[in-house]
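Please go over the structures that come below.
You will see two complexes here that share chain A, one where it goes with chain B and one where it goes with chain C.
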Partner chain A sequence: MSGQSMSVGPGRMGAILLVAPALLMIGFLFVYPFGYSVVSAFTDNGEGSWHIANFTKAVEFYSKDILFTIVIVSLSTVIIGILAVAIAGYLTLGENKTAVAILKWLYRWPLFIPFIVSAQLMRTFLAKNGMMNNILTSSGIIEPLAAQSYLDWRGIVITFVWKQTPFVALLVAGAMASIDRTTIDAGRIFGASRLRILIELVVPQIATTLMVGLILSYVVMLSVLSVPLMINAQSPTMLTVDMAWRINSYGDYGVANALGIMSYLFTGVVAWFYLRQSLKDKGA
Partner chain B sequence: MVGVGIEIEKLCVGYDKNRVLHDIDLEINSSEFVALLGSSGCGKTTLLKSLSGFIKPMSGQIRVNGSDVAQLPPEQRNMAMVFQSYALWPHMTVRQNVGYGLKLRGMSKEQINCKVDELLVLLGLADFGDRKVPNLSGGQRQRVALGRALAVDSPILLLDEPLSNLDARIRLSMRHEIRSLQQRMGLTAVHVTHDREEAMVMADRIVILNAGHIAQVGTPLEVYEQPKSNFVATFMGAENEIALNVERANGTLSISEQEAVKAASLSVSNEIGDGGVNWQATAAGSVRGRFRSSAAHLLADGTVPEGHLALAGRVTQLSYPGGVFRYEIESAGQLYMIDDPCRYAVGDAVTICVPAGGLHLYSEAA
Partner chain C sequence: MVQATLSSNWVRMTTRVLTMSLLAFAIFGPITNMLLWAVAEVWYFPYKLPLEYGFSFWERVFRPEGNATEALFSSIWIALLTVVVSLAIAIPAGYALARGKMPFRYLIMLLFLLPQAFPAVAVHMNVARIFYGLDLTGTVMGVVLVHASQGLVFAVWIATAAFAAVDGELEAAARNMGAGRWRTFIDVTLPLALPGIMASAIFVFLISMDEFTGTYFVGAPDVVTLPMLLFTSSMEGNYQIASISSLILLVPSVGFMLFIERFLKADVLAKVGS
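Then we have the complex of A and B:
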């Protein structure tokens, strides 16, 4: 026994040496900047006494933007969830093999397009004289005078949904494909419609994966700068734009970091709900 | 709910271009328990899936109470099913699983609770109603699956190898439970299994399938005592095979003497249980004989009684599976398995004695 513990020493050192580069990278690139930004949010750029003046200022200047960000990201998350379940549900339960194959081929495309390109695409698509309105007016669905620009909060939501739905759908479709297929068959033989099977039998079985996908999307959307900057460069706007503005125009890292910590808190609340739910499920 | 009859006519089913079932004709009576029996890949599960609607047939009809349902989706067939994997919904409690079909039928909460309580008591699950499915044992899950199927009062109950995942002891008791519930409720039941004994114990009639064709349909007694083909005889346990030369005259078979086989005169069976040979060959001459290890016995002195086929051999191996000894006997270069209560040693010279009633004869090509 003692011989074994003797031999563990060098092995342990080797293991520490192996992970050391990775740990150092995380330390320098994430832990230190994160810690510094937290400290800086509660002080004057890391110096002087502790105070909450940066937060007071952030709320005073940007309370509308905070609300705007929460509404935009929450609304987008809900729509992404609905669309991802619909797409994955059709891929799992759809009987038209051609339609399923086409959808499977199409839905992943936005995954490979960066946010900034998506935003640019949407600018040309959603503008007053953009592609969408052109299609709607030329097909007679709306009058040319009724055409309006969607380059406001709606544009941000549409871009986020367009960009993030494939990611969540990919995760959810994978989870749906791995559930016991006979649980779906059982629903059918007892008389359940496709919609009921999806909502009552399939989604509850993949709820954890759906939650993970939505939380990851929520976090990603909270941190995207290019989309609100390109689609909605007006007030109110999202917190990422405000942070960039505070730093680039005023060099005000204190308020920018205070806004950043607020973003962390929004994510933290969602993560807390998720962890609580998953612990409850495990305990059941 | 009383069961309804099912008529299957010229049913052809396949996956892509591969045909699995060929021109199946079968009539299942109201409140009858029919077992679909066969080895893996014979098409029994495909036939059940066609009945349930999960596979659409290429051609043919499935008539339930006279109307063709072959092209209807499962949700419109009003059938209940117990799946091999039970297919219980893991996010629901036992009570929710059993009551889900009733919820789909628009019943009120009170009605659902009343019906579910009744079934949980019937199935011995009264104390487990609020448990989630993953926290149940295999036997309990099986009961929940059965309860869920019985709750919806469908006239037809489909059972897809529901006992194959249970341990041997629980499986034996569940056979009788399912059978008595089916009889009590008067349901028409179609049960898929590869377990011969399970089919024999549970079913009114057994349908034996081979390579997508029906090999034989009959009561357990008929398929066991009078297998119509070499395949059915083998499947029903008559695994000892012997080539014989026979003459047939006036209901009697004369077996010619050949290496290790004594000449014998045996009566031909006219009805089950009369002690005669099950004669299924088309003509006399060279035929293939089959018999079960339990149908024969061994003699040490070679004094063969009248009406028995006798083969001289030597013990090459023995084992004790319980109750009787199981011997491997070598006779004229062939090996036979024989069960006998008497003790013989390896190397002993013995005579295999097969009574006429235990012998099945088929044409060479069958």
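Then we have the complex of A and C:
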């Protein structure tokens, strides 16, 4: 079978030639600018030699935002993980068919809504006179005078959670659908509550999928410029906004790239944990 | 005893309804708020609902020279060009990765994932700087290239999966009956892989339609796509125009959600990334 399909496919040289344009594209539009950013972070701003002045300046100016970015992205990731497991868990273990069907229809909506549109939706929804406060005051849950704008760090977290939870829930629900049902049934026979079944029997079996989904979301949240720019661009804000500001207002590529290197490192740490974990799993 | 189960059932039912309503509000609340803004003529604090409804903003932005019409056309034009560029690169690459004797195949597949694995802002601002030296900033071609690099991983991975799902024996049969390599590819392989290729085209089209960061660094202020119009009007406080642009961007996205399963069949989906 494989022998036959090889005979119809291109040979080694042909295959390399066919892939070459795609590789050139990645080289020109990703590898080259990536290397450029590293060199720029260590050399820019007049002096021809290698130095770390850009990093000291970046830490001096933006240490608050560096911390702020880590806190926002970590908090969002944790909330997304909990909500995604809850939604996928209910889809897998829920006994009321109507509720499961409604949830299945409901939870996916934000999945394909672009980030920039999500940011605009939340900009109106979470504002001081936005729909959320209007409903809360109309229903008497909060006093009209107590209404406050959520367009600060909370708004960024809410937007990230709103947009990314369906993605992780979709992946996790898919993984949960394909696990061995016998362990779940065994748990049921022994009278374990559904929450216990979910946490002790189901989640360990889908942990890898959950982790992949959360890591992808984490990287996406570190990359998105539109959400922090539109929800809360005042200090303290996220590093993506600082990078754009550094370039548009000062043309200061050195410090902007130093901040960029830090954001590479944030994803690098997570990727390293992931690789270590998956190596451990394979070794065990 | 019966009473106790009845009341506990009732409590369960109420919790279920409450949770679902809360979730529905959390998901549709922001969307409703946007829809209201899209048809609001006059709306200011402290009024909870618009004071006047109407379509005068729609009329204003959809005039032939209205800014939304222009942004919509430039978005669609850029997205179509991005699809052409991506497919021209991804179809040969996907075919080679699925069928060819490719050295380091796994590493090459991973390489296409790299642009997604690093924060895009940090890379895009340097792309803009490189493009500046090549006179590509502020041009449609520059924006198309950035969008294509964002979509390339999906284009290549889905195209590879689509070609891998084509039954190799059909190609072998065509070859045995004397068809040349090129003829076999055009008449047998490509038509069979077409639904998957279409899915990757739709993916790339949507990525381009929704792309913001790259356009912000490379295209602004000369190239105004719909997301750029949304952004500038929102920052100027013109929520009607921002909401109308949001609504236009939502249409292809939601349509995609409803129709993707027709194009992306399970046999192709199972091979994505493998």
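Assume the second predicted complex is superposed on the first by the 271 of 284 C-alpha atoms of A that agree within 3 Å, B and C clash if a C-alpha of one lies under 4 Å from a C-alpha of the other, contacts with A are read in each partner's own complex, and residues count from 1 in each chain.
Simple rule for what comes next: a contact is a pair of C-beta atoms (placed from the backbone, for glycine too) under 8 Å apart; a residue touches a chain by one contact, two chains touch by 3 or more.
Bear in mind the structure is a predicted one, so any value in this text is a computation, not a measurement.
**Q** Just chain B (first), just chain C (second), both, or neither: which does A:V157 touch?
**A** A:V157 contacts neither chain B nor chain C.
**Q** Of the two partner chains, chain B (first) and chain C (second), which one does A:L210 touch, if any: first, second, both, or neither?
**A** After superposition on chain A, A:L210 lies in contact with neither partner.
**Q** Between chain B and chain C, whom does A:V85 touch in the aligned arrangement: first, second, both, or neither?
**A** A:V85 contacts neither chain B nor chain C.
**Q** Counting only touches as set out at the top, which of chain B and chain C does A:T183 meet: first, second, both, neither?
**A** first
**Q** I want to verify the contact counts: of chain B and chain C, which reaches more residues of chain A?
**A** Looking at chain A, the partner in contact with more of its residues is C.
**Q** With the two complexes superposed on chain A, say which partner A:V255 touches: chain B (first), chain C (second), both, or neither.
**A** neither
**Q** With the two complexes superposed on chain A, say which partner A:L198 touches: chain B (first), chain C (second), both, or neither.
**A** In the superposition, A:L198 contacts neither chain B nor chain C.
**Q** For A:A173, using the defined touch cut-off, is the partner it touches chain B, chain C, both, or neither? Pick first, second, both or neither.
**A** A:A173 sits against neither chain B nor chain C.
**Q** Could you tell me which stretches of chain A are touched by chain B in one complex and by chain C in the other?
**A** Overlap of chain B and chain C footprints on chain A: empty.
**Q** If you look only at chain C, which of its residues touch chain A in the complex?
**A** 16, 20, 23-34, 36-37, 45-48, 88-90, 92-93, 95-103, 108, 111-112, 114-127, 129-130, 145-146, 148-149, 152, 156, 168-169, 171-172, 175, 181, 184, 206, 209-210, 212-213, 216-217, 227, 230-231, 234-235, 239, 242-243, 246, 249-250, 253-254, 256-257
**Q** Under the stated contact criterion, what part of chain A meets chain B in this complex?
**A** 180, 182-183, 185-193, 196, 200-201, 204-205, 207, 284
**Q** What residues on chain B touch chain A, complex-wise?
**A** Touching chain A from chain B are residues 52-54, 73-81, 83-85, 87-91, 100-101, 104-105, 132, 148, 152, 158.
**Q** Residues of chain A touching chain C in their complex?
**A** It is residues 1, 4-12, 14-16, 18-19, 21-23, 25-26, 29-34, 36-37, 40, 96, 99, 102-103, 106-118, 120-125, 128-132, 134-135, 138, 144, 162, 216, 219, 222-226, 229-230, 240, 243-244, 247, 253, 256-257, 259-261, 263-264, 266-267, 271 of chain A that touch chain C.
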